[in-house]
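One structure coming up, written as structure tokens, with questions to follow.
Note that the chains are named A, B, C and D in the order they appear, and that numbering of residues resets to 1 at the start of each chain.
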Amino acid sequence: MLIAAALSALLTLAVLGVLAGDQLWRHRLVYVCCALASAALLVGGLKHLGQTPGTGPAIILPFGLPWMSAHFRLDNLSALFMVIVNVGTVAASVFGIGYCSHLPQPRRVTPFFPLFLFGMNAVLIADDAFMFLVSWEFMSLASWLLVLADHKNPENRAAAMVYLMMAAFGTFCLLTCFGLLAGAEGGYAFSAMRAAPLTPVTSFLVVLLAVLGAGSKAGLVPLHAWLPLAHPAAPSHVSALMSGVMTKVALYGLIRILFDLHGHVSWGWGAALMLVGGITAVLGVLYAILQDDLKTMLAYSTVENIGIVVIGLGLSIAFKDSGEKALAALALVAGLYHMINHSIFKTLLFLSAGAVITATGERDLGKLGGLLKRMPWTGAATLVGAAAISALPPLNGFVSEWLIFQSLFKGPSLPHWAMKFGVPVVGAMLALAAALAASCFVRAYGIAFLGRPRSRAAAAAHHLPGTMRWTMAVLAVLCIVLGTIPVTVTDALSGVIQPLTGVHFAVSADLGWPWLSPVSSTRGSYSGTVLMMTGLSLFVVSILLVHGFGTTKVRRADAWDCGHREDIPESQYTGQSFAQPMRRAFCTSLFAARETVEMPEPGDLSPARLTVRVIDPIWTYLYGGIGRLVDAVADQVNRIQFLTVRRYLLMMFATLVFMLLVVAVRQQQ
Amino acid sequence: MSAVLAQIVQIFLVVALAPLITGWVRKVKSRLQGRIGASPLQPYRDIYRLLQKEAVVAHSASWVFRAAPYVTFSAVWLAAAVIPTFTTNLLLAPAADLIALVALLGLARFWTALAGMDVGTAFGGMGASREMMIASLAEPAMLMVSFSLSLISGTTSPTQIIAFILGGGVGIEVSMGLALAALIMVAIAENGRIPIDNPATHLELTMVHEAMVLEYSGRHLALMEGAAMVRLTLFMALIGGIFAPWGMAVPSPEMSGANVLAEMVGLAAFLAKCFVLATALAVFETMIAKMRVFRYADFLGGALLLGLLATIFLYVSEAV
Amino acid sequence: MGAISQSSYEMAHLIGAAVLMAGFQLLYQRRLSAVLNTFAFQALALAAAAGWQAHIQNAPHLYITAGLALVFKAMIVPFALHWLVERLGIHKTVETAMSIGWTMIAGVALVGLSILLVLPVTANATALTRESLALAMSVVLLGLLMMITRHNAVTQVVGFMALENGLILAAVSAKGMPLVVEISIAFSVLVAMTLFGIFFFRIRERFDTLDLQNLDTFRGDRQ
Amino acid sequence: MMAHLFQLPGFDNPLLWILGVPLGSAGFLAVLKDWRVATWVNVAAAVITFVSSLLLLDNRPAPTRLLFIDDFNVYLVVLTSFVGLTTAVFSAAYIARETEAARLSDLHLRFYHSMYQAFLFTMLLALTANNTGVMWVSVEAATLTTVLMVSLYRTREAIEAAWKYFILCSVGIGLALFGTILVYLAAQPVMGDGADAMAWTLMIGRAHDFQPDLLNLAFVFVLVGYGTKVGLAPLHSWLPDAHAEGPTPISAVLSGLLLNVALYALLRFKMLISANGHALTPGPLLIMMGLSSLFMAAFMLYRRGDIKRLFAYSSIEHMGVITFAFGMGGPLANFAGLLHMTMHSLTKSGIFFAVGIISQNAGTKRIADIRGLTSSHPVLGWGFVIAVLAIAGLPPMGVFMSEFLVVTSTFARQPLLAIPLALGLLLAFGALVSRLQMMAFGEPGKVISGHGDASTLSSILALTPLWVHMLLVLVAGLYLPRELVSWFQSVARILG
């Protein structure tokens, strides 16, 4: 009820957004209402998670497909995702209250923002294929318009184009996938699909299409191409939603099909998903390290985290198919936990990127620096976010990665040799990705917030409205809380995964509350709470020791820097120079990264120049190839437009004769 | 001795012991290089002296620069606190397993690198970038090691692993050997020893760790140095504990009385291991030369592959 | 309608065959005037066919069709076209896109195809015997063939009307088909002619020749 | 015999009004001098036609030899008269501005309005005719009237387009006539001589005994003949130029209505075939032509520089999809095909309304010269965006529902056929969206007149039809009236 009210409120808000015109307070009002509506949805989701019966009642509305009107239903899974989604949406809306005044054209954002929220929530509660796809496309459509908010910039238009194409591709995959699940009679209701039997071939195709369709929206390599273009193009609070939340909706679709509608996916697909996830994670973070644009970097890191989640999902599928229910539950919990965490810290990071852009007008790392002193709040919150996404204890990012590792380490217990050998490899990929993520965010944070300002804009970063700062602070606190009370979260998740894996996930009882020990107490355990407490006390102790034994005197002076005394901020390390070792080590063969140095002759006063060239093979070969093919064919076909009437008649004549021949032949038989 | 007491002893033991080990390594090295060298106790004096000095902080530094030493030190300290040195009966043992251990070291590194970049000098950035690059291969390698260990012993918690090995769960195995090799390479990288990094270097374009802490002075520098020493001790405890766990006290119900005795034995064994390993390290460092910066990748990639091989070989030994 | 003797059917086929022959002749002609005369002859044969059908089916309304064909197609249209050719000074030879010989061979192939197609149709089961169906279809196809193998607009128009002759042939030989069809034919052809006339004048104003090649030189949407 | 064929409907019969009003007003408009009055007479006539077509919904007249109304053509009649009405309203505004630009003389305008009504009449007659011959005559007449209107501007391109249109469609229609005669021949032995053997209502009942071989032959000719008017590749060549060169209201009715009418004729014959049972199944032929149209059009879209040709090709694409759906057959696919016919005609005519105003504003039809519509004319621009997204098949618009049904049902039955279908749709989608982004976003281009923003009365008049259509399509995308659904379902059943 609450949920329905909130959704309809969002729709009406869109209309208000259209009417808002140029009055800034009206836009603010819309954002406030959005925040309230999504808060209501959040509450609704939490309430449902709290109550025990798994699935809520089906609501059937008299629209949608004529003979089988629209079905909606809220079960534990969708309730969980409703929580995930709306934490993000509340944050983004509150952020938007202050942020919308800094947008070039708020009129092109405000009307579509509520629609976007509506679309994402509607996907979660849809209970038949048609409504699911309608909401799904609705979501894409709204976000496409939001990507076009700053439509005068040709890059944004190109990004929007690619985005909508990939969205359509994904939709067609899901369309055909549901077509298979529904069968020729068209049982498009999810309940009917669950019941429908599947032949091996259809079962294979269903999974393939689901992975393609949902994967393209979630950003699995090589379908990720649109993501780093589209997410940064949108206004930052929308980018936060697209990266932090919309990708989760895509994964919701994946889980819904693979774990619920299909239900009996073979372990081979699990292995394939793990591999794809691993590749996605590594490639994503490598791309991210090479980026100089703050938001593009964040978008690529989203790709990486999606890969990590997918590793968890694939592992869970493999376990489930091999009958290891408890481990399947563990892996799934790990995946879901990482989704929750990522949605929080990625939202936080994108919002802080928005804050930086608002304060400085710069999004290029090479022009930032020293922001921590100008914007202490944002700086601190971002530091927490960066540490969390780098999977550092005691923050939330580490817990989920710990869980994924724990389940990975149980992978070799699977009977299949492919898994026995594949799991360590995927584990190595995951570890590599995690480590690279840390260096990626040390780079980003160190360059943007630490050191000395690299441009006048960065030096003159101005003050931000309170709503923006508070949003980030709250999200940062969430990161810490979710990291320190992991057991509470996993208990909440157990109710969600029970219908999907068939077992009730619980941490082993013999250690008790703060100890997260998934399999058994001797199997390895972790406690964010204890670690946090001990760490803090040791921190205090070390302070006491140091101050007890020594002085507390501090003298401010110029930087020592081996006596080099460079005052120009250009002498600092830049993003590219920081990335150089990684680039040389990993990207030389992968992205054909090349560096060319132009040294001037001795006596020549012109500056030396270092140019870096990186080729993205996926763009160049996969997408570029498709584009060239279409162009070539279009050129050929286009000739038909310029023939003489006689030739057109000839075509008609040929068609007629051909068909007559067909009839003649078929009549003879 | 109860778990609480053992834990407290352990916490202060590692801190107290760390400078001595470092000092011993330096002493042996200088002897091998034909110098008399400072006494093994010199590091204690150094640290004390640094604590007395006032801390000089660059104008461009932010609070991150001043907080980093404390965070780094306490993170490493925490990590060292959960690695069994003389007994496996530790209160905090369940709080962190090998994975958490890696992550705690990562936390320390994260802050050190940020501190390196905070002042905004070329050297700081250089050090941070190289350090992160090294870590990006060392961490996976170490995780692979813990992967193979957990496959062998069925657990990721160091105390459990040690208990398992002491219980005779594992004989001499190829994968154990590979894992040991990988772990040693990681340890070299993590502690910035030759051939990856030279702890005694200054004003060189090859320095990594030193470049990050270049701006530190006074108590901050003391903390950073201390963190490095504790980290070295930590790795010795890890290697010695897992691959040569003999003498380690394992709590068992029937021998509660003789427990203290067992722990004394464990302590002695630990000291012995540390000095053996320290001497070995010194010899090793004297024998080989430092490698070029961009060869790190090959070295650590090798470590990663060794870790991977360690897991793969398990199946082979299972299969036969 | 009473039973129809075999001989009367054969007569109908004979006349139909004449129409078909005329169709072949149209393909064969090289000079515009000859084309027009041949077309007049075809229309004449068509009129005869319609008349004969009217007689044997004793369906008086078919005489109207016969008259229409005779007056309109055999006389007015050829005359009008002659006049147009004079008026617009179109050069008198037929420009072919495909050599006469090949055109004839294609024509024969088409006739073969239409016979092949009507073979399965069981004899006397329909109001129209296989033969006349085959004849009509051949005439239609030949008309179409003529349209696509000639550059000159007048010949194309003639081809189009030959096609319609085939239609009428089929229609009149279809037993008891209501008058509506013939009316529509006449009506459409009339409109068609007037339209052609209009077009020719317009085209005359804007282009120098009736050759469609030139008409097609200008095309919208070049990029 | 002729007598009982031509018994006219009585005055209580709405059909009389539906057919009589356009015919009468066509004659009246031909003699009416003042074009301002003429536009309103035009609208008024369309209103009467539409209202009387609404009467059909509850009381259907009994079928006669000449006219009949059944589940299939009832909604098409209503649709046709509705789009006829909205287009009349739009053309009132459009013509006003054309005369401002002094592109049309009074005589042309008189001719235009009279022909417009005549065109409506022929289409409505084709839809309601119970006699294959009458239907053929009216389709032919529809061709002739539109040929005249396409050549209205008397420009080189217009003449050429009209010439092409005339030649190709006359040949096509001739072939269709041959098919019609063949059907009569197939039916005659069973039904006996005369009009009975040409009446749909009577034939469909006894089609089982028809001569199957003749039906096969007939269907080929009908397919090529009427298929030319539907614009199926490779018979489509007339369509883009005819749409592009005529006045935009005519493009709207050509795309929105004439194609439907031709398709309707085709489907009537398909009903006979599937009722007969012995004849060869026409499915493969239809699927082949549908796919070829889809792909040809999809690739063509990438190279179009002329906005009206662009959407003309998108019409070809959608006709291809519809034909494909009917070729697939089965309740779902047929339902989808019927739905798609309706949605396409509403959406596409709406798009042409927008295109008309856009090209009048920009003073050009070149896509390259049209920029940033959403900035320069928000109301028009966003309406255009919605319309194009709808035709591209994005929810919650109606086209999405039909495409959803086509693709899913096809994939469930023949995945190998669904893959090219989905690919083609994706291709066309890409082309349309890229063009849309060019025109609707970015820096506004040079604007001759700020018309088309809801400022003046005439521009409101011009914009209303577009938004009304979009509203209908939106509603249909989420909710279809029960009656309509039941009609569709029954027709789908007959289509087999």
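What we mean here is this: contacts are C-beta pairs under 8 Å (C-beta built on N, C-alpha and C of every residue); 3 or more make two chains touch, one makes a residue touch a chain.
A quick note: this is a predicted structure, and the numbers were derived from the prediction, not measured.
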Chain whose mean Cα position lies farthest from subunit A: C
Chain centre separation in whole Å, for subunit C relative to subunit B (CA means): 100
Separation of mean Cα positions, subunit D and subunit B [Å, integer]: 79
Rounded Å distance, subunit A centre to subunit B centre (Cα mean): 35
Where subunit A and subunit C are represented by their mean Cα positions, the distance between them in whole Å: 69
In subunit B, residues with contacts to at least two other chains: none
Overlap residues in subunit C, where contacts from two or more other chains coincide: 117, 120, 144, 147, 156, 215-216, 219, 221
Numbers and ranges of subunit D residues touching at least 2 other chains: 163, 167, 171, 175, 213, 217, 240, 303
Chains that touch, pairwise: A-B, A-C, A-D, C-D
Touching residues on subunit C, where the partner in the complex is subunit A: 97, 110, 113-114, 116-117, 120, 141, 144-145, 147-148, 150-151, 156, 212-213, 215-216, 219, 221-222
Subunit A contact footprint on subunit B (complex, rising order): 11, 48, 50-64, 66, 70-71, 73-75, 77-78, 81, 92, 94-100, 103-104, 106-107, 109-110, 113-114, 116-126, 128-130, 132-133, 135-140, 143-144, 147, 150-151, 154-157, 160, 202-203, 214-215, 217-219, 222-223, 293-294, 296-297, 304, 307-308, 311-312, 314-315
Parts of subunit D lying in touch with subunit A, wherever the complex brings them together: 163-164, 167-168, 171-172, 175, 213, 216-217, 220-221, 223-224, 228, 234-235, 237-238, 240, 280, 285, 296, 299-300, 302-303, 330, 332, 372, 374, 389, 394-396, 400-401, 404-405, 407-413, 415, 418, 422, 425-427, 429-430, 433-434, 437, 441-443, 478-480, 482, 485
Contact footprint of subunit B on subunit A as seen in their complex: 369-370, 372-373, 379, 383, 387, 390-393, 398, 402, 405-406, 408-409, 412, 417, 420-421, 424-425, 427-428, 431-432, 434-436, 438-439, 442-443, 445-447, 450-452, 511, 515, 517, 521-527, 530-531, 534-535, 538-539, 541-543, 546, 549-551, 553-562, 564, 566, 569, 571-573, 577-582, 584-585
Subunit C-touching residues of subunit D, taken from the complex the two chains share: 1-2, 5, 131, 133-134, 136-137, 140, 144, 147, 151, 154, 156-157, 159-163, 166-167, 170-171, 173-175, 177-178, 180-182, 184-186, 188-189, 192-195, 198, 211, 213-214, 217, 240-241, 244-245, 303-306, 309
